[in-house]
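Shared between the two complexes below is chain A, which has chain B as its partner in the first and chain C in the second.
On to the complex of A and B.
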């Protein structure tokens, strides 16, 4: 489904740091999302995935700020946008789904009031017309008995139902890009599959782009056109989904795939990566993954190199890039 | 499968717990904590008497009947007469209109000012929060009696002075409370969701902050309203509020003092009036607070 137009979203050298100083939490991150494609941003907790998403909509929490780089959405510079233009972009340009759908709904308002907000405020629809449209939107995301559901409050909905409502809200203003930040993590496995199918169906119908943020590679394989793997605030591997899943180049990507249900170990157990996920703050020197990397462990020569200097993001052919001394050495040797 | 889940949900949630009894009023009171029900009934009755009383019984609080002075309660004078032979019940009703109105107005103005400043402080942060909260710290240390004495010295006694005196300090607890609540609400995901949808700041404040703050603030408002009633009575008692001949519960207490041994009802009546009114309002606030913090089933 990949299309070769100008990118819809382009992030260049994004750096996010705490206002009080210290090491940046996102360090020189670049990514592009083309119109109509699904880019999966994969990584452990704390790697900076969600911060990337919040940076794109300029909604970083208090105390964090973008200290460098460029973000362009549909040709417009997001970092210099006026507040009014930002609000327009957030509603009509970029929609978002989050991890805890029930918490995303205001407990004091009815469902239809919230789904109608972008219609009334963003599109200037009349209240009555907006409420009628809400029923359609809710039917589109397969909410049974939408008329009754529309009058319900958030606490009367199940997690899956709430995520459908959020989807209806996010799609109400017909955005060109949907940022889905772990949209199924908090849901039951069966409901996860329903939500993902629905997301895919809606995407196929309306052809918007999706930036899917997840740590779940089973989701990625079924869903994404391209993958960007993040570790400790940096992208370590990026490329077409099929290629990365079939032939991962970075040891971290390989380990992530072996950690998932897609590729259990010979004895049926799942691999776990030693150590815990580093955030961009606990970087000593060299490659950020080196302390946990199984390739580095047995090789003194590599150990010296990987802990000495951080590798650059080097292209391995069209559209595939990796940030690793070991695989770059192999590639040049071959 | 999804349909099954939602159907069973619907069955449990759309059925409200029907309390025993019929009628909307019964249902309104029956689902709430008993202190709320009792408080609203008592306070409602008091309000009805204060509002409708003069018209129903054609009472004249100023009419003097010097021969009938300091009489105990009787068929003609339900609560007896005072030192000038005036009907204590009539004066109680007339005085209550002053006391309750002054307390209510000062609370209302305090809530509006305090909540606006508090929400803005919590939502905007920065220098506005810093300055407004330091002003709160400063004012909260000053008792309203001191401010009342100060203002009376400048402007002279009267109900406007009284309301101003009560409001100057009165808004601070609401500001502090709503700032805290606003910080809480601001951390909620549904505020992020609204921001993500491109809603304007003002829209989010009105549509998402206010509704989520109203319940806790209304509980505290009623609790403090009871407290304000006592303060109004106390300040009038000290001669800092309503001036004679206008009756006021605090003023009536002060005037009754010399006759405590001959006509105790003269003091008991306004004292009980303040006590019962303050208690009923406090009960309403208490009931609201309990209902708010009670876990939902």
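On to the complex of A and C.
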């Protein structure tokens, strides 16, 4: 494993807002992905995880724009890149996997044309050579009868097969980073597990990094090296996956893990978070999670503090940081 | 009775001998089949969406149905809620034939079985206020004497599902998905059903909403003694909610057991693969022991023998030739596998 000091991807103070104004949707988000690691970006819908991924590849939908911050991929500044350089980076530098593989594949093109695209556009390969390589790529992701399937159209594939085709496409130009946005959410559980197992095997073989965006803590537990938890446009906790899963410090992380794994509490009920998921828009001041936080509710002193000022993202030890007054007070007392 | 069934359904029913011997229950489903017709230039072929499903649900219990997309679990919900007809088989509810009533007789009995849908946004009219939407079934079934009486019932139900009175006049667009799912549950319960069928009630919701809804269903069950059929692809949901679980694969029940028994001693290779896939082990995924790389059989062209044989790591020659029957594997435990008792000793994986 190469251990470069500079991270592969570095996002600093990223802010994304609507072009028409209003509160930012992503507010001062920083994260790094190191070479060869799997970073899971976790959060509920509306927390801003997909917008983060789209910002990294400069694919934000019309009407949203990056209003501040820096994004560097492999030492290059993504925000000042020329359109041609951006196109080379997408596909050749950063591969992408999305939730709905069928929707991402062109229904009018044969599978091989799409898998070959990053080879032809990103690597400048000749068409014939690229088509030959496609068969190997499809074999790598264990697509049975790759010769026949290469000539098929997307609608002839099952969901699992389509996601394998997407994976072959995303990995075709040997990217250093794969952004996988809910790659298995639309798939059946047994197919999901097979796809994840395959992704892990390919990652171990070629040592690329993965930014895995998911709401499913089961997947994170089995797959990620590090976790960053997002809430309402901000990262609230970040650290090694095993450590966070075993001993989460932020009340939201703790609640999210309990909610996802559906293990009953001592009274036989499931832990639930009151209220509904907040987006960055409806935040006034103080900690963004305070209105739903069960730690704050029972403590008037904390209530005053948490609703008054937003906590910073403070390190708790090596590699582990949390944005919570209560946990930070506890840690400094210990 | 058997004379009425097509030959293929008679054969399917006989395979269920072991389970059919168990006493009839509050809800008894016997040899239920639903074939859809697939028309093409080659002629009409049946799609065997449900192919001989037999279940027993005692009063007050929650039966979970798990399986992957296309296994027939939603078709089962549709047949049991009488939203579609059955091709063959029987369903009795509280000792009465539930598939027989038609027309006005069926309409009168519809309140007995109610359905909670997967997508609460789709289940409510976007231009109808919550109060109107909840009162409509009451009026249709002549429950409540006046509109004031119905309004009082709706307000009481809103409180029971954890929503305040302000929701009465809101439109669905003014509510979150979790709140709408509470409305859908409340609307179903206003008709005082004997059986509540929940088809993926939480899969459209975020994790924090999901636990709120599951807690609500458990509270309502405790309070009202509800009998429920809980359909889900999520093993964690059925593990939390259900007393008994039936695992479906390609239109058939492949294993049926009490909840803890199913998770501690799964006997069917598919159940094991499902458990290993759903409750992924920490720090690694190793499915090769549980699942071969193979495709789920097409419902248009079901294989002759065991339907799971194409993906089963334990499959033997006879599995592809002979169809296994649902056999008793213990008390309250049924499994559809010819070799369940000879597989390598299984060590449950947990987290």
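Here is the rule we use: the second predicted complex is superposed on the first by the 322 of 334 C-alpha atoms of A that agree within 3 Å, B and C clash if a C-alpha of one lies under 4 Å from a C-alpha of the other, contacts with A are read in each partner's own complex, and residues count from 1 in each chain.
Following the convention adopted for this analysis, a contact is a pair of C-beta atoms (placed from the backbone, for glycine too) under 8 Å apart; a residue touches a chain by one contact, two chains touch by 3 or more.
Computed from a predicted structure; not experimentally measured.
When the two structures are aligned on the shared chain, A:19 is found in touch with neither chain B nor chain C. Of the two partner chains, both chain B and chain C are touched by A:194.
When the two complexes are overlaid on their common chain A, residue A:126 makes contact with neither chain B nor chain C.
Contact with neither chain B nor chain C is seen for A:204 once the two complexes are overlaid on the shared chain. Judged by the touch definition given at the top, the superposed model places A:144 against both chain B and chain C. In the superposed pair of complexes, A:106 makes contact with chain B only, with no contact to chain C. Of the two partner chains, chain B is the only one touched by A:118; chain C is not. Shared-chain residue A:223: touches chain C; no touch with chain B. When the shared chain is aligned, chain B comes close enough to touch A:166, but chain C does not. Of the residues of chain A, those at positions 142, 144, 158, 190-191, 194 touch chain B in one of the two structures and chain C in the other. Interface residues of chain B, counted against chain A in their complex, comprise 1-3, 5-7, 9-10, 13-14, 125, 188-190, 192-200, 203, 207-208, 211-212, 296. By the touch criterion stated above, chain C contacts chain A in their complex at residues 68-69, 176, 178-179, 206-212, 214-215, 218, 233, 235-237, 239-240, 273-274, 276-287, 291, 293, 295-296, 351.
Interface residues of chain A facing chain B in the complex, by the touch rule stated above, are 57, 59, 62, 86-92, 94-96, 98, 100, 103-109, 114, 117-118, 121-122, 142, 144-145, 148-149, 152, 154-158, 160-161, 166, 169-170, 173, 190-191, 194. Chain A meets chain C in the complex at residues 44-45, 142, 144, 158, 188-194, 196-197, 200, 215, 217-219, 221-223, 242, 245, 255-256, 259-262, 264, 269-273, 276-277.
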